[in-house]
Amino acid sequence: MDLPTASRRLVLGGGLALLAISPARATPEAMRAAMQGFAGGAEPRPGRVRLEMPTLVENGNAVPTTVIVDSPMTAADHVVEIALFNERNPLPDIARFTLGPRCGQAWVSTRIRLGDTQSVHALARMNDGSVWSASAELIVTLPACIEG
Amino acid sequence: MSRALINVPAKARKGEVIQIRTLVQHEMETGFRPLPNGGFAPRLILRRFECIYDGETVFAADLHPAISANPYLAFRTVATTSGEMLFRWIDDRGAVREERATIEVT
Amino acid sequence: MIRRRGAALALLLALATVATRVEAQDTRRSGFMFMSPGTQAMQRDDMENPGMLAVLDGAELWAKPAGTSGRSCADCHGGGAEAMRGVAARYPAFDATRGEAIDLAGRILQCRAERQGDAPPPRESRTLLALTAFVAHRARGMPVAPDADPRMTPVVEAGRALWHKRLGQLDLSCAQCHDDNAGQKLASAPIPEAHPTGYPIYRLEWQTTGSLQRRIRGCLTGVRAEPFAYGADEYIALEAFLMERARGMEIETPGVRP
Amino acid sequence: MRRRPGRRRRARRPAAVFARPPVLALLAALLASATAGAQVVPYTIVADGIPEPLGGAAGDPARGRAIVADRQKGLCILCHSGPFPELRFMGTLAPDLAGAGARWSTAQLRLRIVDAARLNPDTIMPAYHRTDGLARVAPAWRDRPILDAAGIEDVVAYLETLR
C-alpha cells in the first residue's frame, strides 16, 4: 500500500540497459491468425457489428472502445461471443466477451491500450456459427516529452 | 487494497434491458514493461471477469494485457428478478475478488 | 448628502461594471477544455473516472485509525459529508508553527506524524495520494480561494519567479509554453494553461493518480532540467503561484488528463 | 529557497503503452553518441550570422533531415512543422521550416540554430550549441550541447535545401 507509485525515467542513464531489449510486436499476420482461430472455420463477413472508437487517440493507454452488434438477442438468434484484435501491440488479442440471450442487447464498452497507430478489429460469433466483423483505423498520438 | 466501483440501477422493470458498469483498481501489468535490470516486470493482469445474476453467468470477459489499467467494463442485461448480482474478477495467479450489488425488479 | 449618495451609487455601478467586465474577460481555461470529448467524458462521469478509485481509497483511510494515537483523521476532522468541505481550495497555506508554506499533502503528512503518531507515508505513495484526493474532492465545484495570509505573498512571488525562470538544457521557462503558447500544439499535444484545478489527477500517461509535483517533474524532465526532490519548497512555491493564478476557477478533483 | 534532501526513487520503465522499439533504439543510439562527449566548438559571429562551418567541415543534408525529423534528437518538429510527409504530428509553436533556406542565408541559419538568443533574448528557440548560461541542467545533459558541431552542420546543410 505504501509503495510509491513508480516513476519513469528513460532519458537518464538508469533506463539505458533496458533499451536493448524490447518485446516482439504482433503483426498483421499474427492478428489474422488469431482472428481465424476465433472464427473457427467460418468466414467473417463485414456487417452487423459496430465498433466505436475515437479516430484520433490522445493517449494509447486508455482508448474508449464500444462494440454493438445488431442482434435480437433471443434464444433463437443471439451473439455468443465478441472478440477484439489489434495488429501492432505485442499480442494480437485484446479481449473476448461471452454473451447470451440474457444480455438483452449485444453492447459492450471498455478501455484498451494501443501502442501505436493501427487498426482494431471486432468479430462477433452468432449462435448459428456465422461470424461478423467491423474494424476501425486509429491514429495514436505520441507524447511530446518523455518523462522522468 | 483494491477498490471497485459498480453501477447497477437500484430499480428496474422486469424485462427491461439495464446497463451495468464496473471499474476496478488493478495495474494490469502487461509483462512487456522492461525493468532496469534488463528483464521485464512479470505479467499480472485480471484475466477473467464474470457477472452472475439470477443463477446464471449473464456476461463474462477474458482479458488480455491490452486492457487498460484499472479495467472498465460496461455491458447490458435483462432485469429478471430482484436480488443480488455477483461480480467476480480473477487474476493470473487465480486470486479472486468479488463484489455484490442488489437490484429491485418490479 | 444626496449628491454624495449619488456619487457612491455611481461608484458602485462603476465597480459593478468593472467586475462584470473582468468576468467577461476571464479567458482562463482549465486543462479539461483542451482534452478530447472521450477524455472529458471520462472525467465528467464518476463511474468512468479512474481518479475516483483514489478518492474512495482516501475515504476509507480517512476513517481508519493510524499511529500511536489510535485516532483516525475523521476523529478530529469529522467524517460526514461536510467534513473538510472546501478546505483544499485554500492550499498551499501558511503554517504559522513552522513559519513556512505547506501544501495539502504536506499538511496531511504533518497530521500523520504529529497528531496521529504514525510514520508519514512517502510523497507520491498511494496512501498519501488517496488522502489528498479525498480531501481535494471535498472541494470539487468550489472556486480556488488562496490563503489570504500576507506571509504567503513572498511564497507566491517566489513561485512566479520560478515560473518565469528558464531551466534545463532546452532553456525554457514554464511561462514560455503555458502562458505565451497555450493552445498551440507541442508535437500532437495541445499545451494547456497549467491551472492546478484537478489535482491529484488521474493521468492516462501514468495509468494512475499523481500529484501536481509529479506533473511538474514531467515538464522539468522534458526541458532536460534536474527535477526538484518531492516536497521541495520550489514545488510548493510554484503551486502557490499557480493557485493564485487560478483564483476563482473551479476545483475539479479528481481530474483526468491525457 | 531552501531545498530539502529528497528520497531517491526507483526508476521505472518509460514509454507509454508498450515498448516502442524504434523510438527506444533511436534513444539508445542518441545516448551512446552523447556519452562520446560533445563539446562546444568556437565560432565567430559576423553581423547576424556565423559564416564559417562549425568545426570546419560541411554537413550532410540527409543526416540533417534525419536529425530534424527525430523527436528525441533534433526535437525540431515538436515546435516546428516542416516538409515531412511521413510525419504525422508536428508542433505549431514555431514557423514552418519549409522555405527556411530561401528566407535565410547559410550564415544566418547557422546562428539561429547555434544560439538564437543572440538575436532575440526572449526567444523560445533553444540554443543548440551552447552550454553556458543554462540553469539546472539534468546530469545526463550537463556540459553538453543539444547538437555537436557536426550535428549543427548537418542541420544547416538540410535547411539550406528548403527553398
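Letters are used for the chains, namely A, B, C and D, taken in the order the chains are written, and counting of residues starts over at 1 for each.
In this section, contacts are C-beta pairs under 8 Å (C-beta built on N, C-alpha and C of every residue); 3 or more make two chains touch, one makes a residue touch a chain.
Just so it is clear, the model here is predicted, and its values are computed rather than measured.
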| item | value |
| --- | --- |
| Taking each chain's C-alpha mean as its centre, the one farthest from chain B | D |
| Geometric centre: closest chain by C-alpha means | C |
| Distance from the mean Cα position of chain D to that of chain A, given in whole angstrom | 37 |
| Centre-of-Cα separation between chain B and chain A, whole angstrom | 17 |
| Centre distance in Å when chain C and chain D are each reduced to the mean of their C-alpha atoms | 34 |
| Chain B-chain D separation of Cα centroids, rounded to whole Å | 47 |
| Touching two or more other chains - residues of chain B | 1, 21, 30, 32, 34-36, 68-69, 72 |
| Per-residue overlap in chain A, given as positions that touch at least 2 other chains | 1, 4, 7, 9, 11, 14-15, 18-20, 22-23, 59, 61-62, 89-90, 113-114, 141-144, 146-148 |
| For chain D, residues contacting two or more additional chains | 9, 11-13, 16, 18-19, 71, 78, 88-89, 91, 138-140 |
| Footprint of chain C on chain A - complex, ascending | 1-5, 7, 9, 11, 54, 56, 58-59, 61-62, 64, 141-148 |
| Complex contact set, residues of chain B against chain C | 1, 3, 5, 7, 21, 23, 25, 27, 68-70, 72 |
| Interface residues, chain D side, partner chain A - complex | 9-21, 23-25, 27-28, 31, 71-72, 78, 88-89, 91, 138-140 |
| Chain D-facing residues of chain A, complex | 4, 6-16, 18-20, 22-23, 25, 59-61, 89-90, 113-117, 139-144, 146-148 |
| Interfacial residue positions of chain C with respect to chain B in the complex | 46-48, 50, 52-53, 56-57, 60, 207-208 |
